[in-house]
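In the part that follows, the structures are each spelled out as structure tokens.
Next, two complexes with subunit A in common: one pairs it with subunit B, the other with subunit C.
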Partner chain A sequence: MMTPLTELQRDALQELMNISMGQAANALARLIDAKISLSIPKIVVVDASEFQQMFQSERYWFTRQSFLGSVKGEVLTLLARAGTETIGGLLDYPLPLDARSNEELLLELANILAGACLHGFSSQLGLPAKLSMPTMFSARQRDSDSFNWASTLLLEVEFQLEGTAFDSRIVICLAGPSVGVLLQQLNALLES
Partner chain B sequence: MSIPVTIADDSLLSRKTVRKALPPDWDISLTEASNGHEALAAVAAGKAEVLFLDLTMPELDGFGVLRELHEHHAKTIVIVISADIQPEAQKIVDSLGAFRFLPKPLQADQLRQTLAELGLL
Partner chain C sequence: MEIADLHLQLNNRLPLGICVLDADYRVLYWNDFFSDRSGLALADVLGQSLLGLFPQQARYLKKKIDSVLVLNNASFSYWQHQPHIFPFCSSRPITGEETLMYQNIEFLPVECQDATVRSVCLVLQDVTELASYFFAEQQVSARLEQEHSELKALNEKLTMAQHQLLQSEKMAAIGQLAAGVAHEINNPIGFISSNLQTLQDYAVRLLKLTEFYAKVINKAGNETFLAMQRDMQQRLQFDFVRQDLPELLSESIDGIERVSEIVKNLKAFSHVDNAQWQYASLVDGLENTLKIAANQLKYKVEIQRDYAADLPQVYCQPNQINQVFLNLLVNAAQAMDHKGHLYLRAWQQDQSVCIEVRDTGSGIAPEHLSHLFEPFFTTKPVGSGTGLGLSLSYSIIKKHQGDILVRSEPGQGASFTLVLPLQGPDSAG
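Up next is the complex of A and B:
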């Protein structure tokens, strides 16, 4: 069972995520020359069933990529099915997207958004971590124990591409021992 | 006489970061606001000759504050400190009369340089 975050820790994590998502949105906005709205990040501790519910939605494609380093975990990216054509067009993909270019596009988007998010987050905390390449996964095919994020810390940010139906959510899941490492750095930051 | 300065940001950490970046010998009276309404209230009460303004805030965001100040030709000097660093956000901020756009994470020397340019130090 995880210790709940203090108000100060939650605030600090939220602000760090806010800065990270700003960098991620900027990376994408410059690439496709569009404006991305940012929401206030959510920091939540969820249990296994809540976590699994996230992947029941038909609204999204899902990608996952793991990271290793001073903290370990996984970044999940949810990409709206609606609107991928629009982004594909902005990135000069031939339309309509076939299955292969659709997957290529999704992996590219996931990598830009999740990469900038994780980088912003880990560099501000001085916790370097290396992110692997994303892979697609389907909630249906997924076997139930491929995730070990039974009860852990989720850092979630949401991007909305203005004027389109596209939105994306990035979820950073931290492995149990890494939560402690994170909180230690966070406390050091708060006490400085 | 000390200069009335307000820091408007919903994050405690972020307000602290700005506070710590201010020159220690700068003679100010400091007010803190955690959303746009509080920021406007501070301006109305004469507590914000200089306003450090975040963009992403609950209730009323930083863009809303800028619009309001712009419409009322407020004399407040606004320095936006934001995590939303997209070119479009910077453009809007400029068009609404903010003096400067500083990206988060805030660099203390950038902030001091901005204050020096304003002749406030």
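Up next is the complex of A and C:
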């Protein structure tokens, strides 16, 4: 299914996301005391197999967490396997990381990034949503058919920690009915 | 009922720990869950720093709470990573296997009206049951994994054993066939050999007779007869025949003797043969076996012998002992790739005779030494060895109440020493 957004709506959403991501990056930079750069948010239209392709990479760890509220969906986070030690150090983890503390770090990081993105997104649009606990995600074995794909909208942001090999991508997937809610809200904002 | 009262009651009824802190980590509220588990009533902790109340985890709690305050974003603590943040006892004090409670904690920002975070709410969930279920599952799966790998190893062993069993059955069949053939050949060889002896005797007589005739004709001096004789002898090349005939015969007799020797050896080494106990010289046995194994050893292997003089005879089953010698010699030959030195030594030691077979071959890997005498253990490719040779040897030597000793270092060759009591099994202590 193609994106249901018009050009205008897309631009507006992208701009809103950009502002909120900037705020998120700032907050994060304050917390870990490091410079963070981020990409311009992308509103992506990909087909199911491309979507699945995202989770085939050996370069990333994957986490997922759902959110509930006036909009529903899941946030998927891709975290680079390289550079986690640096982040661990910044976040006050005992180094070197073992498997357990590595997973703890990844989940915390995913939660911070996803939380920042979603928070920005929902506060800009006035669509409150609450994130649940993130969990590790392995989509490797999963068939693209098994994703409830037909009506999801992807908002994608890339974070990069300057001076490290670490980068991450946050993908907010909206479930079908929530896309409608988002559009309504966007239109209201555009009209005002 | 007032809605506030309802909330309060719910707070204390829910199976969750709820604790609210201000931005300086001071306790603003905690519910019955926390008071029950910690033994501290709300009144006792009100206004106190949570970090001070639980100093063990202060650093971790501070980090989590700070993150919530700064980011205005919920934070989570998982039982898998940090199982016991608060030192609470297990929810199953009687029947449970665990003593401390496993906890999942959510750190939630509580927003005030101007959207800044002034306080943090901790929601603690007791997941001890889940955790112990998870651990049990993990144990089961570990056990399954282990059993699976054991089964797999067993399977491989079985397949290998089957291969080798087939191989050894084949070898046994060949052995029986050889014994049968040897038996069948033995008969004709017997009469060929005795006929050849008789023929040799007859040939000598015939040659004598022709000599006699020649002498008679010479004596008679009749020129015509003399000429006829010369003519005939020339036409039949009699001079050559007279010379060649005895040689041919003795060569044939020699050949047939060798054939019968081989047949005798084959019979001696086939399993059909009975194993008799008798006094025998081990050195003779070793030498006889060397002849059998000559095919494997000849050309490239130099044999050095060092036998003590006047070795006593040993009460044993010579055929079986020869079988052991054969195994050792063939193994040595194969270890040396049929090229190298073979040292054979024999000496007496107290009431035993020792035989050492030492080669300069590839040696035995240390990890193989302990398996050497196990049935079906072999390092030779399938088809070359049955894996039975040394285990058979071992059982034979043990039956004699003797000993078989191995010394080897990889690349340095291997040495096998047999120790056999002089008086056989009954004498050994």
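Everything below uses one rule, namely that the second predicted complex is superposed on the first by the 179 of 192 C-alpha atoms of A that agree within 3 Å, B and C clash if a C-alpha of one lies under 4 Å from a C-alpha of the other, contacts with A are read in each partner's own complex, and residues count from 1 in each chain.
We take it that a residue touches a chain if its C-beta (ideal position, glycine included) is under 8 Å from a C-beta of that chain, and two chains touch if they have at least 3 such contacts.
Computed from a prediction, not measured in an experiment: that's the story for all the values here.
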Touched partner set for A:I40, first subunit B, second subunit C, both or neither: first
Partner chain(s) touched by A:E104 [first = subunit B, second = subunit C, both, neither]: second
First (subunit B), second (subunit C), both or neither touched by A:A25: first
Touching partner for A:Q124 - first (subunit B), second (subunit C), both, neither: first
Contacts of A:A12 with subunit B and subunit C, given as first, second, both or neither: first
Common interface residues of subunit A - those touching subunit B in one complex and subunit C in the other: 30
Subunit A residues within the subunit B interface of the complex: 8, 11-12, 14-16, 18-19, 21-23, 25-26, 29-30, 35-36, 38, 40, 124, 189-190
Complex contact set, residues of subunit A against subunit C: 27-28, 30-31, 91-92, 100-101, 103-104, 107-108, 111-112, 115-116, 119, 130-131, 133-134
Residues of subunit B touching subunit A in the complex: 10-14, 56, 58, 82-89, 103-105
Interface residues, subunit C side, partner subunit A - complex: 59, 63, 66-67, 70-76, 78, 80-82, 104, 106
